[in-house]
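All chains are identified by letter, namely A, B, C and D, in their written order; residue positions are counted from 1 within each chain.
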Amino acid sequence: MAIEGKDEIHSGRIRLGMVGGGSGAFIGGVHRMASRLDDHFTFVAGALSSTPEKALASGKELGLDPDRTYGSYEEMAEKEAAREDGIEVVAIVTPNHMHFEPAKAFLEKGIHVICDKPVTWNLADAKALKATADKANALFILTHNYTGYPMIRQARAMIANGDLGDIRLIHAEYPQDWLTEPAEREGSKQAEWRTDPKRSGAGGAIGDIGTHALNLALFASGAELESLSADLDTFVEGRQLDDNAHIMLRFKEKNGVRPKGMLWASQVAPGFENGLQLKICGTKGGVQWMQENPNYLWFTPFGEPKRLLSRNGADALEAATRVSRIPAGHPEGYLEGFANLYCEAARAIRAFRDGKTPEDVVYPTIEDGVIGLAFIEACVASSNADGKWIRLDV
Amino acid sequence: MAIEGKDEIHSGRIRLGMVGGGSGAFIGGVHRMASRLDDHFTFVAGALSSTPEKALASGKELGLDPDRTYGSYEEMAEKEAAREDGIEVVAIVTPNHMHFEPAKAFLEKGIHVICDKPVTWNLADAKALKATADKANALFILTHNYTGYPMIRQARAMIANGDLGDIRLIHAEYPQDWLTEPAEREGSKQAEWRTDPKRSGAGGAIGDIGTHALNLALFASGAELESLSADLDTFVEGRQLDDNAHIMLRFKEKNGVRPKGMLWASQVAPGFENGLQLKICGTKGGVQWMQENPNYLWFTPFGEPKRLLSRNGADALEAATRVSRIPAGHPEGYLEGFANLYCEAARAIRAFRDGKTPEDVVYPTIEDGVIGLAFIEACVASSNADGKWIRLDV
Amino acid sequence: MAIEGKDEIHSGRIRLGMVGGGSGAFIGGVHRMASRLDDHFTFVAGALSSTPEKALASGKELGLDPDRTYGSYEEMAEKEAAREDGIEVVAIVTPNHMHFEPAKAFLEKGIHVICDKPVTWNLADAKALKATADKANALFILTHNYTGYPMIRQARAMIANGDLGDIRLIHAEYPQDWLTEPAEREGSKQAEWRTDPKRSGAGGAIGDIGTHALNLALFASGAELESLSADLDTFVEGRQLDDNAHIMLRFKEKNGVRPKGMLWASQVAPGFENGLQLKICGTKGGVQWMQENPNYLWFTPFGEPKRLLSRNGADALEAATRVSRIPAGHPEGYLEGFANLYCEAARAIRAFRDGKTPEDVVYPTIEDGVIGLAFIEACVASSNADGKWIRLDV
Amino acid sequence: MAIEGKDEIHSGRIRLGMVGGGSGAFIGGVHRMASRLDDHFTFVAGALSSTPEKALASGKELGLDPDRTYGSYEEMAEKEAAREDGIEVVAIVTPNHMHFEPAKAFLEKGIHVICDKPVTWNLADAKALKATADKANALFILTHNYTGYPMIRQARAMIANGDLGDIRLIHAEYPQDWLTEPAEREGSKQAEWRTDPKRSGAGGAIGDIGTHALNLALFASGAELESLSADLDTFVEGRQLDDNAHIMLRFKEKNGVRPKGMLWASQVAPGFENGLQLKICGTKGGVQWMQENPNYLWFTPFGEPKRLLSRNGADALEAATRVSRIPAGHPEGYLEGFANLYCEAARAIRAFRDGKTPEDVVYPTIEDGVIGLAFIEACVASSNADGKWIRLDV
């Protein structure tokens, strides 16, 4: 082992609750693993299911005190806010249509919120939630978890440092294959709600993964999206939402250069499991990153050989090493990236306790959530208008 | 070595002439290497430069008989057509604006033409050349050389066989970085004419490499392009043609499925040398191919593990092995792919001599050339109309 | 997300203590993260340092009750064994020379032991510890953590199923570069003890990483090592232990085939961060695995295309999916692999509580530890005898 | 295209003859393609088969003058030496047992020899041929063709420049899978002679591919082999020669450092088509090269990020660019690498005509051939002596 390990910070674990995430859910378990990894949190309360019995059973299974296993988020918000040892932060891991009300409820009680993406079911709600969050005495963290990957932080820092010069091109693609056939009619719960507009909102692939791709592109590049032209498709017969999206992007001018981009989100692309990929090119160099092998970042200074930067390896910047745990060559993965957002949340919450704003904490917020919903609605509007360029309504 | 070698066919070498390709040219030398590799041709005449002294010097350098080193293509067409041992085929390797006239001249003399792409300077010329070629007693071969790669032939055959099911998605990208800075003002001859509309035509990156990417996508997928929406940029100040193009594609419906696609062509993308890449997905599977490591084709039957097909390796189809020379694991490259078009040309010319149409010979023709120019003009029109979808005029 | 998530098992967290792993240690933190990830354990006691003040400070930092922050492992073994809520298992994460005594002490108290590798400072101690463990009313788990990687489990299961036929070739390599220069004289604590024979034992690279490579090769292939021929080197002047090892291997005959192999362990190989790699070939096929991108396993059935098997993806076997948490395409890493051993330990300990032997729990044990030390000593003996083949003394 | 093309040199084509390489042969066709690619040679005479009718038929097929299609190499040497326009160089592409006599015959006639490897059937012959070559008024070029790859030249030049510091480690591996089953009993001519000691000599895999791997390691590293310890196996029942070899290497001390290495050659390794690979590490950096993707060289200066050097790309040295034809990103392959040796031969022959020694021409010679045979015999001797270290007899 070449380096000394990074270790946990334990100045009092933060009390965490959860809305959603009962048995059979996928992302709830991910949140819990992410919250445990670095020991900043202790999971103490939950409204884990809209079915009371299931909520109770799930709470028991997860080792919660039955008194703190609630039948509804309203009850949980009420009671936890009233306890001296009540939760300080709640993770909302329900389908999209169930984000807004609980998020609002907890924020209004002064309880911090860690919320899944897309932040709400539609843009109006996202803006309303932003208004709530802006007034609230609490933090709002949006789990665009791919921003937690160290080499994404590395790319962001390098771009901010000017290592790529002025940014010209931003290409994001996020192909998956799991909805190539109508899995939603073959018993997959994950497929069911993601293809159901009542639960997902106006976006299928664009909502579920397109927002991730966009968020990551903006996060890493520092660019601001101005407008887009989209061509959405539903390839699987009978499906109600898009399962493939082709999008052209225009960003706001910066230093006299207006970056352009493309975004491809697909859930019907055999050969791709979770193929999120980012390519950013500037006047002085380019980077490339692939989620499926996330510990590496290709960096090419124009006119020089390609370099393969490695997490925690040579030329790693502080922005990347501070969210790394183990030496280069020892791969960290999806859960560590997710956990990095929980670490950032913990740092922010501890600073908040002390009335401070932490300097170097970086996580997606309600602003990113509004952009995500504006993106979804612009995609739908553009596609319906045969690809007309639509400005983002943010 | 695992397999017996494929060898040359020598039933009389075919007499080859060349227009363009004198000293300092790039692609002329490529054509000559490609023509020599499999010993089907003998290079005997040339109008190698528009400057007579340079033409003569280049001819001498290349070992041509001074009597057959011409000062102009007109003279060459005239005199070679009159010789009993005159050239049977001519390779036209000049810049784009110098394709139409010579091609027309040789076709009208009944001399076969192997021509560089894009086929002409504009669409009207391409259509006119098609009319000439249709009437001519000669073949027309367009060197969209990437169609010569064995694993592209493999992909094409698999798709034609239905191994991917109905095609839904066709993604082509062709990023390069060599025009990131204004090389055309720093002495690069290759950059000069490629960024000069008088010589290149209406397209910069879309003409030089976008047409390659499109041609390859159509060739492999068997799809027909219906319309496109484009966003062209010129990132380098003062440059007169596009150096980056983002394009969305719609193909003609087939078996009830209308494929969609994206195409990215860029010459200002640091990190990419010659990054032509193709991804095609259907209802039953997907393929992925990368020009920079061309001996491999990823193939994923939906629901099965990814397979890495190797040129001349297991599961290689006849369509690929017939254009392979050496065993799997012994890489063939760009020149071999290019030479495969010369082999196809040789087969076609020999069959033509005998008044036959060869059954299995596959190469791009004037029809592909017309599509290429229609693509360039549609891109420009769409981009000028803020991305309006434009139908291909073919 | 294509699959429903795997979740935690919480039928009572297991009480965990730790010997070593105070501030500045690397592997202690890894053990703690691994123990937390799946929520099977609760960390309640520690003898974290041989320096009492440091032990206390580290305990405080890690949130331990000061009453259970001990100044020595002896005290900890004594007191924890006496408590009703005493630890059920102890993780021993000290340098090699400090494994034997604490392991023995806890085993004799009936406390399960999770111990770092190599298991002891020399072979005699390993055998003595095996005798202790065989008699003890407690389990012994050796953290050859790379055996926890799902795709290693996949390879092992495939080979056991006969998918590769009879095994002929086993190649393991483990190059690193971090000791290319004398880091032990430049302040690296990790380097100091690893190059110090008093703390590490007779092996440098062969002990630190060679034992990992061998263990993994044996684990995956199911083969038994019979003898070896070694050529050890110390390239960095003044270093007291080997920093590079070349080893040829002979395995025991099985089904009439005697597998052969090679093993390379190096800490002076620039270009390699943690390049553990495994190649196993049989009469019917071969596999290849690389630690730095561990979610994939190459599998080539002889005469068929290479397949890239993905963790939790198509063709994943139960042996691999049961140690996976998240869908294919969502990378798991080193910590998850390490945590898999903690999960296996948890299953074994729970079964042990119930007086049962769990059927499908797989982890390295004291037997593997004895093999590791026998390997180290055979390497040294062979190298000293100019590469004479030495039989393993196990 | 980013660079101006390299073109052919045509100061009079060199007259080439061939011994062996008739219909159905593999390597003869490779030599002919290699000789044609850059237009330095004209193929005019052959003794293509030991069967006169086959020789004649093959000559006809290849377009040779029937007068110069000989029934034996003796006749060919005699008659061609007597012609004013006789061949200047002969390529000997027969199985190993048929190299010595023809090579000797042509050298003694003052005709240059390009000869396949291993140079002879045994070491005694190799030494005898060296004696002949040393006295001859002719050049001897040995087609260890992998030395023609530009990125191998790049590695060699970088190492000679000191970019890696003092070399410590040299690892070569050359796994193939095509003899996993007894192909020699299933009709493969290539397999037949390669597994027949009467034709191949004492080495199976070590002779056919082990000599390539060793030659490449020595060529790139500049090191000299001192001794080796080998463990040879014949895994396929009934086969008469080794089909797998594990070898440890010791090189001569240089600057106080004695490099060590390992070499693996196998023809029974499913998963590997032609997996020649080289890793060289020094005190200041390391390189890695893989034949199956030969246009790239990994270079890691110790303590810096890995760099992927590209043929003809950034940081390419003159030693590599002078054997490159086309721009970076346009892959060259096995045939181009082979052709580079023919180019070197052409340069050397032209200089020889003028009584000069060309300065920068680099190709393997009879000295390398002697080393190859000494390697084969040392491997056999060591393996027979249970891995005893054997000094190379050169």
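Everything below uses one rule, namely that contacts are C-beta pairs under 8 Å (C-beta built on N, C-alpha and C of every residue); 3 or more make two chains touch, one makes a residue touch a chain.
Here is each chain with its UniProt name: A, B, C, D = Dehydrogenase.
These figures come from a predicted structure and were not determined experimentally.
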Next on the checklist: If each step moves to a chain the current one touches, what is the fewest number of steps from subunit B (Dehydrogenase) to subunit D (Dehydrogenase)?
Outcome noted: 1
Checklist entry - Quick one: which chain's Cα centre is the longest way from subunit A (Dehydrogenase)'s? => result D
Checklist entry - CA centre of subunit A (Dehydrogenase) versus CA centre of subunit D (Dehydrogenase): separation in Å? => result 54
Item to check | Centre-of-Cα separation between subunit C (Dehydrogenase) and subunit A (Dehydrogenase), whole angstrom | outcome: 34
Checklist entry - Between subunit A (Dehydrogenase) and subunit B (Dehydrogenase), what is the gap in Å from one C-alpha centre to the other? => result 43
Checklist outcome for this item: The positions of subunit A (Dehydrogenase) in contact with two or more other chains are 272, 299, 306, 310, 313
Checklist entry - Which residues, counting only subunit C (Dehydrogenase), touch subunit B (Dehydrogenase) once they are in their complex? => result 299, 303-310, 313-315
Item to check | In the complex, subunit A (Dehydrogenase) residues that touch subunit B (Dehydrogenase) | outcome: 164, 168-169, 171, 175, 177, 180-181, 229, 231, 233, 235, 244, 246, 248, 250, 257, 260-262, 264, 266, 268-272, 279, 281-288, 298-302, 306, 386-389
Checklist outcome for this item: Residue set of subunit B (Dehydrogenase) touching subunit D (Dehydrogenase) in the complex reads 1-8, 10, 13, 23-30, 32-33, 36-39, 61-63, 176, 178, 183, 188-190, 272-275, 291-295, 310, 313, 325-336
